[in-house]
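One chain, chain A, links the two complexes that follow: it is found with chain B in the first and with chain C in the second.
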Partner chain A sequence: MLHTKKWLPYLYIAPCILFMLLFVYYPIVENLRFSFYEFSAFSPEKTYIGFENFLNLFKDEVFYIALKNNIWYAVISILCQVMGGLILAAILEDPITRLVSSMFRTIFFIPVVISITVIALLFTFIYNPDIGILNGFLSLIGMEEHARAWLGESETAIFAVIAVSQWQSIGYIMMLFIVSIQNIPRELYEAAEMDGAGRIRKFLSVTVTQVREMFFVASLITLTGAFTVFNEPYILTGGGPGNASEVLGTLLYNSAFFKDQMGYASAVATVILVLSLIFSLIQLRLFKSGEDG
Partner chain B sequence: MKKLLILAIVSILSLSIIAGCSSSKSSTASEKDVVELRFFHRWPNQPKKQYFEKAVKEFEEQHPTIKIKTEAVLNDSYKEKIRVVLGSSNPPDVFFSWSGEFAYNFARSGQSLNLTDYVKEDAEWSNEFIQSQFKPFTLDGKIYGIPWSTDGKAFFYNKKIFDELGLEVPKTWSDLLAASDKIKKAGYTPIGFGSKAPWTISHYIGSLNQLMVPQDVINEDYDRKNAEGDFSHPGYVKALEKFMELEPYFNKGVNSVDHEYSRELFKSGKAAIGFFQLAEIGLIEPTLKENLGVFNIPGIEGGEGNPNSITGAPEGIMISSKTKHPKEAMEFVKFLTSKEKGIEQLAEVSEYSAVKGTTNEENASKLQQEAIDLIANAEETYLWFDTAVDIKIVDAYLNGTQQMLDGKKTPEQVMKDVQKAVKDVKSAQ
Partner chain C sequence: METSKAAVPFQALPVSKKRTSRRNLIGGTPIYTILLIYFIAIAYPLFWMVVSSFKSTEEIFTNSWALPKEWMWSNYVEAWNTGISGYFVNSLLVTSITCFLTVLISALGAYGLARFDFKAKKFLLVFCMGGMMLSPQVSLVPLYKLIQSMGIHDTYWAMILPYVAYRIPITILLIRASFLEVSKELEEAAYLDGCNSWTIFTKIFVPMNIPIMMTSVVLTAYFTWNEFMFALIFVDSDALKTIPAGLMQFRDALATNWGVLMAGLMISALPIIMLFLCMQKYFVRGLASGSVKG
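And now, the complex of A and B:
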């Protein structure tokens, strides 16, 4: 029955493919085409200018500020969310914390389900230079000289934004690791114990090696997230002061909808696409995912 | 059997589609005479949202054949969204617009309808306007927008704090600095300011430029077609320096707080002075009551501009060039800009109408009447700076000034960036 209708399976996946083509691949191709033109949102005709958008982009100092900020975002997110999330998960899965683990799991996970807009607005109050609780806390513990306008100074703005993302997303990555730790066969831990391994040894030799696959997934999520981030910097600083906290996402948005340079914005989008593609490919190679597991 | 079943299902489905089509057709036929207009404005927040809802309802009652569908997005998002929807094939028929370069942009690209004939046709209605308010909607002699409201920028001050410290209303720039110094020593924030959303910077820059730079130089420099105007007059750097003289008197970390925050600082009596729009009197006066005072930006010693000038501009309504019902759309615009609506609008949403004689004792406080006089008495009105020049020049200015406030750039460096942006914009013309 099956082999007589070879086309049937394709029929089943056709709607999905159609939608993917229409809403994912077609826009990508169109975007690539647009990045060779110069046009505004309501200009009827587009002027072909070849690679000029890209040349201008690579000459634009804001692009390098944005790229640098994205790299900071990626590095800090990997360290905080993936490493931190793994450690948190391991602690919460340890028999010692069994009684409180479900409570903490919920506490850490709650920020994930709150809308990013709400969180960003919340943090603008926390960071407020006059009435914010962060500066209030610093002066309470006698570190008043460290109080500053966190979002308003070039040196701190991007890190204040990054910190918000860490706070929000660590719970999500932690949850992924908890699931994967729960799948580790108990025998491995028992065997390690018999060999005289302590808690840290067990964590390093059993947990870390067994969650390798999830490690790959988690770092892929955070890395692509770090290069496509937009909401947090847009709401918290709008890319300012000056361009100090600009990321590629806000650069794209500002060029497209503020300065009305649609072609230039398309070029930024293409660069973001290429960058995140490269990073995922490197990771695929590095972890050789899918071959074991 | 199976095939029969499928055939049956398919035929039922297709029948229902046909049925669906015909039923929707018949319903449109019965409502054939009703014209639907789409209206897009920038106030999804109260009280203006309600004001427009009420106005639309009233209009629909007077004109049973016209239906109006309203959509609204706030400020900065509006600036972005309106550009996109006007470029689409199905733009709103009637839409809100700032004046100056913002409106000219739509006119130049042929997105907005030329309204000159309508204005000329109905002189009874159009003569009621403060005629100067048409100017910022006029490009090459053609009128593209109808002024709905008018506004200006001035310093607001807290009379209670001024009395407490024995201060006079500043008449010159150095008076302002001296007063700010005294206020700071008394433990208040002298001037409330927030530049996270950087358009607030552009209002200071615009006002200071017109005090420091001769008017004819400004006219040349702001004109996007005039390649001679390259922003090289030393007054521009001085204007930025003057702005930085205020910096020690602002609240802490201006780059991290919004305009709304600075308004709250002022309202709650923590800040003694603020640079606000006259329309904001309606928002602040209910809290500060008789303690609220207003003065125009004081003249600067050595400034080459006109000291008796004010920054301010009308905001208005435009009609899309793609509309199928220009007549009905115009009818709606006339309704919104009528004298009765103008009187209502000041009382209900504290926007000054651009129609003459709409501010009176009944619908306005004494201060609001004084404020409208500031606009009427100024020898020269300048547009909001961020709508007066090309957006790329604005961007260079705002980014640079944010960094200057952060101590990362000097006024000379900012002007260098601006001049570069000017060159890019004007060479592209």
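And now, the complex of A and C:
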């Protein structure tokens, strides 16, 4: 290490600290404070109202619709992205697919890099009741009775939105698992083979146990993503029809920039913060236990 | 930590060379079936977007499955002239400035955290990394207020400055890990040769760590090019909007001119797809070692 003046390292780190303080930490603290006030976007005056924002929030039925939708988001994302991503990764790392695997993993990853606006607008066409290829596909396989206005009906809207997120994100989690599977010692597979294990047996007893840690990481990434989601519901349905596909993210946005209830929006943000901090703490815990084990 | 283990160049990894035994061939059919179905599910919508971008609205309506009768390149020209060109330039500007600032500031910070011993080092490391756990949604209202009071609402800076702040944690994480690998002897030798800490940074650390800087640039570009929420809320003027937010306006402006809208989507998606295909190695390494979605 260099022997220099004491303040020198701080000088190098100062810009980082400045940015983080101003745009990351200060707003978090402010948000907590804001959630106890009532105020509007364009006026400097704020009225302290104690816990009223939270009380109103917990009485608001839209909040529970949003929470329920976020929970659906989480459950489906865990199933599709984490389970599905792991299965796809295992398939692409199986010797049997080695000739095609690099092409497939590139293609499967492409949705991840495309902007969510592009994908969401594309899917408004795919779900379109008149020209959409989803309904077209259903009538092609003789299931036209299931064709419907996917985004326009309150029973299907949130699931249609969730499906778009899965379509985009499975490739990302798959890639994390691929990297993780490539780090598994080959001997473990060979040993399992000597014991007469078939493909599924090898997947369950070697792959799944060896990628356990990535499994937790991936689950927590998807969980946090599921509770902070905003873009897909906002672009695809705007939370509608009615409030059927509202999530906490759109509730926050609508309260703040549509109804101009900034304090109420801050309270929603605080709930999101608390939820995501809980997940992060679980993540840290699991990391620690993984290192010990 | 799992995440650092994963920092292996993705493409560079050898595909398993093991001979396929007869036993392994059994079960091949279901595997290929799954692969094929998923392939269609991913590729067909993308293919449909490409094909539809060359069709007239009427043709999308009447014949949404077929190839275009006449490939309408004019859709692309019209999309470009209806506003995409402006959004495109804004995106380029915002993305390049954000990448430059993020990597510069993070490299400086990483240098400070990797190569010096000082009291608050541990704390500052956690301070910088901690930002990774906080999602921007949570700070939306105060950030909006902050940007208003700084007087930068509805300027490029309203996007750039928060973007840089939210990209710093992951970028520092990546660059610091790479800086830690630089040998101490080299640094001591340069020191004896009369270099000071700044020239050691610019002449040794930066040139020796170009690959990780590339990874950081690619990841930051990916994030910035696609970011939607801040771009939607912190900027009002259509003239300053980046592609993700601009596309919403573009859709409303076009109403039912769907072929042109599809062409607009294509123009918006292509640069980042190209970047990904050309720099896959940097891309995947960075995403994997951060394990944090952009």
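The definition used in the following text is that the second predicted complex is superposed on the first by the 264 of 293 C-alpha atoms of A that agree within 3 Å, B and C clash if a C-alpha of one lies under 4 Å from a C-alpha of the other, contacts with A are read in each partner's own complex, and residues count from 1 in each chain.
Everything below uses one rule, namely that contacts are C-beta pairs under 8 Å (C-beta built on N, C-alpha and C of every residue); 3 or more make two chains touch, one makes a residue touch a chain.
Everything quoted here is computed from the prediction, not taken from an experiment.
Contacts of A:Leu273 after superposition on the shared chain: chain C is touched, whereas chain B is not.
When the shared chain is aligned, chain B and chain C each come close enough to touch A:Ala41. Judged by the touch definition given at the top, the superposed model places A:Tyr172 against chain C, while chain B stays out of reach. Which of chain B and chain C touches more residues of chain A: that partner is C.
Shared-chain residue A:Asp130: touches chain B and chain C both. Shared-chain residue A:Phe257: touches chain B and chain C both.
Counting contacts by the rule stated earlier, residues 41, 130, 257 of chain A appear in both its interface with chain B and its interface with chain C. In the complex of the two chains, the chain B residues touching chain A come out as 79-80, 83-84, 86-87, 109, 111, 195-198, 251-257, 261, 265, 391-392, 395, 399-400, 402-403, 405-406, 408-409.
Listed in rising order, the residues of chain A touching chain B in the complex are 40-43, 124, 127-130, 148-154, 157, 237-238, 240-244, 254, 257-260. For chain C in complex with chain A, the residues that touch the partner chain are 1-3, 5-6, 8, 10-11, 13, 15-21, 23-28, 31-32, 34-35, 38-39, 41-46, 48-49, 52, 60-61, 64-65, 105-106, 108-109, 111-113, 115-118, 120-121, 124, 127-128, 131, 133-135, 137-146, 161-162, 164-166, 168-169, 172, 184, 187, 191, 197, 200-201, 222, 225-226, 228-229, 233, 243-245, 247-248, 251, 258, 261-262, 265, 268-269, 272-273, 275-277, 280, 283-284, 287-288, 291-293.
Remark: chain A residues 1-2, 4, 6, 8-13, 15-17, 19-20, 22-28, 30-31, 34, 41, 87-88, 91-98, 100-102, 104, 106-111, 113-118, 121-123, 125-126, 130-131, 133, 136, 167, 169, 171-172, 175-176, 178-180, 182-183, 186, 193, 198-200, 213-214, 217, 221, 224-225, 228, 230-231, 235, 249, 252-253, 256-257, 262, 265-266, 269-270, 272-273, 276-277, 280, 287, 290-291 touch chain C in the complex.
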